[in-house]
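The following blocks contain the structures, represented as structure tokens.
Okay, so chain A shows up in both of these, paired with chain B first and chain C after.
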Partner chain A sequence: MAKKPKLFIAVCTLPVIFLTLVFMIFPMFNAIYLSFTDSTALNVGTASRFIGLDNYKYMFQDKSFFQSLQNTIKLMAVVPVLTLFFSLIFAFVLTQSKLREKAFYRTIFFFPSIISLTIVGIVWSSVFNPNKGILNHLLELLNLENLQHAWLGESKTALWCVAAALIWQAAGYYMVMYIASIDGISKEVYEAADVDGARGIQKFFFITIPLLRNVIGITYVLSLSGTINLSFTLSNVMTAGGPNGASSVLLQYMYTQGMRNANFGYAMAIAMFTLAAAVVLSLLSRRLTDRTD
Partner chain B sequence: MRINTNIVKRQVTNWILRLFLILTSFIFLYPFVWNLLSSFKTNTEYLTDPYSLPAGLNFENYINAVKKANMASYFLNSIYVVVLATIILLVFVVPISYCLARYRFFGSKVILNIYMACIFLQATYIMIPLFLELQAVNGLDNRTMLALVYAVMQFPFAIFTLRGFISALPTDYEEAARIDGGSNFKILLNVIIPLCKPGIATITMLTAMGFWNEYPLALVIMTDDTKKTLPIGLANLFEVQKYATDWGALFAGLILVLIPTAGIYLIGQRQLLLGISLGGLKG
Partner chain C sequence: MKKRLFAAFLATTMIFAGLTGCSSWDSKESSSAGNSDAENSAGNSADQTGEGNAAEQELNIAVFQGGFGDEYWNGVVELFEQEHPGVTVNMTISPTVADIIRPQIVAGNAPDFMALNDSSEDGLILSLMKDKGLMEITDVFDGQNYAETGILREDIKDGLLESSKCAPYTGDQGIYLAPFNTGPQGLIYNKTLFDEKGWKIPATWDEFFALGDTVKEDGRALFTYQGIYPGYLEEVLWPAIASAGGMEAINAICSYEEGSFNNETVLKVLQKIADISTKGYLLKGTVGMNHTESQSEMMLGKAVFITNGTWMESEMAEAPREEGFEFAMAPIPTFHADDVHYVLDSCEQFSIPAGAKNPDLAKEFIRFLYSDESVKLFAEKAGAVYAVKAGRELAKDYVSESTYNMYGIYDETSTASLVMNFESLPSGCKINVSDEVFNPITSVVNGEMTAEQWAESVEAAFAQIRSDKEAADE
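Entry: the complex of A and B
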């Protein structure tokens, strides 16, 4: 290899590093700094005071914060598991079956994951609309009127409507990852199972799932952080966190505190708490699933 | 006999699977179809029976969406931001990825590690500091600024993917070009970029779609109604429609936003699916 072209390298890298510092690293450190101050719209910058851990302490006395934390935990407990379960089933069926129109189903299942979350939110709001919504209409057709709800308007159901939209938009995305990995499993493994007389369900539980364990671990982490992050947009578009905070999630509450109430310091404490939780959870679940045998 | 029952069994399983897949497809498609049908209905039609077929192809909603609901300017804003952000991204990312793939220099390891860590840093976490920063330099409501911020947010993913791609390329062509006396810049332009086309195409598609759909940053950075991008404009329209009754324009707007995405998806599906296996998009 030729001598290191120092000037060339500098020209190629320095502008990128500069922009990253300005628009990513600096805001990140500023977020950490702000979370220890009392800055609001009125006293941002030098006028704000350093208040140590007060924002973090306040967080644990704030009922609305607890509500959004609880909602986020509920989503994280339910959404990744169900999403990945459906993705795995779709991927398994589409790779194992000999149906001619397989590619067509894959195209359809994947489609929701490339469209704007705003659209996902609006489309699912029309599914859950109490008067004209698809779901209530369906229940009426099935003579199940007693199961009808105001869905997004009721505090008991609103969060689960957001969860449904989250699962619906992400299932196809992970399905594609699983299809790629199942295609990587040698055909002989399945053929040998066929010879041994294994049935579809047995193949699913005894071949596919064990062999995909590592991929499932990675996608679980992705799905966890995706749930924390994407629930912001969906909850903001579908319910704005309502009714009465029943569907607010951590980042949505951060947005409300920061942009609506202009409590920048407090909002950043919430953001840093969420980020730390996301990182810790990812590392933990990676550690648990990555136990090499 | 035995073979016969096996064939029958296979047929039955196939049809059960098919039924399952068709039902699932229905869950995936019906909300869109319903929206598409509703977009052709007059308001009276929609209010009397949202589940009937539209009386005819009524384009009034689309005209309303474009004229009254500002959809045309949201659309243009989105195109401007997406195109500019993608160009900025590629202009900055290709050279640094090449350097990181081919040279070890002062700080190259640190740079790589930082970008790898940054892949996990979602824009939502830093949207408020970014808002404050842009406010301080008068950069709010500025489409060019939004495009720049979008591009930077995708630096980690793009650099990581492209560096991997370039590392896997053979160095023969570069060395030949170097012997011919090509400068580094010329080698990058005439040798590396043509070889990288598949990688660049995948990154372009994934990031452009991400830019087209981006919501959190645009929400805080673009507050002036004439400067909003489609996802924000549409969410706004949805908010307004909750209290007004012109549903048609909303459905039409939704379809308008979907058309480019659906088009690109159908054309570039292979590239996109490949990109997912590399790990990109929403995450």
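Entry: the complex of A and C
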């Protein structure tokens, strides 16, 4: 039986190739094509004209586009780093400490990842509600009334409220990945460190982080792309991009242009830009984190 | 080996069969998302054979289910079917009806009739207008009314059919959208409270802010609005501009004229709106609230006024309120005591897509909607008034007293109805006018933007629209 069942393999992969072509490759090339047309949501593929780079030219003069680009960049700079930071801490504490209720915490921390994102958005909207929200009430209890805000209604705070929800819902997910990898680190390493008198923090910085370097690199890229995608849902639910565009993100602006304003071609141009940016960023961050020795 | 190959082949064909199944499935789906229309499948087969047989027809309608509920629509469809034997109406009614019918329109499977607003969040009607995707229905209004007692045009409330609400294209008086309901929008207040305290309805902005100081002593804020939906402030902005600058000012804005928004008159109005917040008359936390939250706060007496329309009474039927709360509506203040108080008229619309399969029956349906029985049914089931001249009187026996009184706002001296609609945008335009006009309000209210900057940003958007228009005309 040394002969490889080539035909069998070919037949088995056919459906997958077909599905990928129909649902991934073809739509992607179609989107690239549409980004050079003035297609509206209603005349897709029929009456749209080829207009060359006009959509891209408009994009680089469009202040709403720049605002959402800026917001997306802010989120990408802050959210992955904080998310992974919390995930690492949680994972380390849950694996290294001798807490009895470990399993309970693990469930609690992972829980947000299995809740629908829309619900996460609604829950956090009520946390930030100016009159009934728990956050303002807590501040009142602590006599910190001057720190109270109409969180989702002020342009200085709205985007960071979305960021908080993003971090909260993703931290547990990456925590589970880290727990798995930490469990893969040989116990002897930690025991040797104990013998040498290393404290918890030292073990974290000198053993856990260096040994998880590769995993951290991968999760960072995952978290970057997660931020681009998920911020759309959360910002849509929590603030609808408001106030005055202060929390709008790229994919949301794409949706607004494509669906509400019926500029499908333009929306595809924004999508192409986002895609290119995401690819470049993940390549970059992979190269940076990959340089192990 | 042969056997395994055969199994794999079978599996592949099954997947393909599933896929082809998908593609034919959505065309049959056209109207099932709505209510319990069991006649659906029967209706579809009638479609193929219906040609030439006028008695056996079907009408596919798509209805936005908003604050008025679905009872009226279920009722009126039943009435229409009773009066037109052989006609089957397939109704899709949903709060997200635009998302349901958009792909159908794209696939060339448009409904025959739509009850959907041009101002709705989804933007479907605006897109159709930009794409010239609506059918002209002027002939419906130039024809007989349903009772055959006169021309339908004469039954409709004055001023609506000529306005850009119904005739959206410049240089084309053709009617593309039929007016549905009508109702004044203004400042909602608690009549009981005003009577008890002996407060007077402020006629001018000075009186408005003076009242603000009085109510502050009573522990209340003067004003709140629907926070994260600043678009509700159109009910203040447009009437205030009309009162200060006349209809010319409004018409100039509607056609995006240069300098129509950044001028002395408009700036004066924008400044008043900014003052409400910067001078401390706005309910704290307003910018972070949604419509139900701010409306509840107002009904609990935290704020004295809120912008809204007559639907608020039914929308908030379940909400807790101050004791003895009675809905009443005041017009927007003006600069001088003798200025005309304009009241923004809300007007939702019906339309027929250009790709409708049965436009004649759809037109008949529109005629029927304006009949007395339909108008009465609407008042009874939805507590609101059709945009016909006899609307308010026909509704009198069915709507609550306070709603009836709110509709009477026009009877007060020196008030006038204002219908406000922007001209249809040129195709390919990437601006959303209402976003550009109203979204900055939150920044202005938060003190992050001045009234002048607001006016400048709107002017910039208007300039972009004008240049898009030139490009489209080329």
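Basically, the second predicted complex is superposed on the first by the 267 of 293 C-alpha atoms of A that agree within 3 Å, B and C clash if a C-alpha of one lies under 4 Å from a C-alpha of the other, contacts with A are read in each partner's own complex, and residues count from 1 in each chain.
By our rule, a residue touches a chain if its C-beta (ideal position, glycine included) is under 8 Å from a C-beta of that chain, and two chains touch if they have at least 3 such contacts.
Please read these numbers as outputs of a predicted model, since none were measured by experiment.
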- Please work out whether A:Asn261 is in contact with chain B alone, chain C alone, both, or neither, and reply first, second, both or neither. second
- Message: On the A-aligned overlay, A:Thr40 touches which partner chain: chain B = first, chain C = second, or both, or neither?
- Response: second
- First, second, both or neither for A:Ser225, with chain B first and chain C second: first
- For A:Met24, select first, second, both or neither according to whether it touches chain B, chain C, the two together, or no partner. first
- Could you look at A:Ser116 and tell me whether it touches chain B, chain C, both or neither (first, second, both, neither)? first
- Item | Per-residue touch tally on chain A - higher for chain B or for chain C | B
- A:Leu284 contacts which: chain B (first), chain C (second), both, neither? neither
- Message: Per the contact definition in the header, classify A:Ala150: touching chain B only (first), chain C only (second), both, or neither.
- Response: second
- Which chain A residues contact chain B in one complex and chain C in the other? 5, 8, 11-12, 15, 19, 22, 44, 132, 259
- Item | Residues of chain B that touch chain A when the two form their complex | 13-14, 17-18, 20-21, 24-25, 27-32, 34-35, 46, 50-51, 92-93, 95-96, 98-100, 102-103, 105, 111, 114-115, 118, 120-122, 124-133, 136, 148-149, 151-153, 155, 159, 171, 178, 184-185, 209, 212-213, 215-216, 219-220, 230-232, 234-235, 238, 250, 254, 257-258, 261-262, 265, 269, 272-273, 276-277, 279, 281-283
- Within the complex, chain A is touched by chain C residues 1, 4-5, 8-9, 11-12, 15-16, 19, 102, 105-106, 121-123, 126-128, 130-131, 133, 227-228, 230, 284-289, 293, 297, 427-432, 439-443, 446, 448-449
- Parts of chain A lying in touch with chain B, wherever the complex brings them together: 1-2, 4-6, 8-9, 11-13, 15-17, 19-20, 22-28, 30-31, 34, 44-45, 90, 93-94, 97-99, 105, 107-119, 121-127, 132, 134, 137, 168, 170, 172-173, 176-177, 180, 200, 222, 225-226, 229-230, 232-233, 236-237, 251, 254-255, 258-259, 264, 267-268, 271-272, 274-275, 278-279, 282
- So, in the complex, the side of chain A touching chain C is made of residues 5, 7-8, 11-12, 14-15, 18-19, 22, 38, 40-44, 58, 62, 128-132, 149-155, 239-240, 242-246, 256-257, 259-263, 266
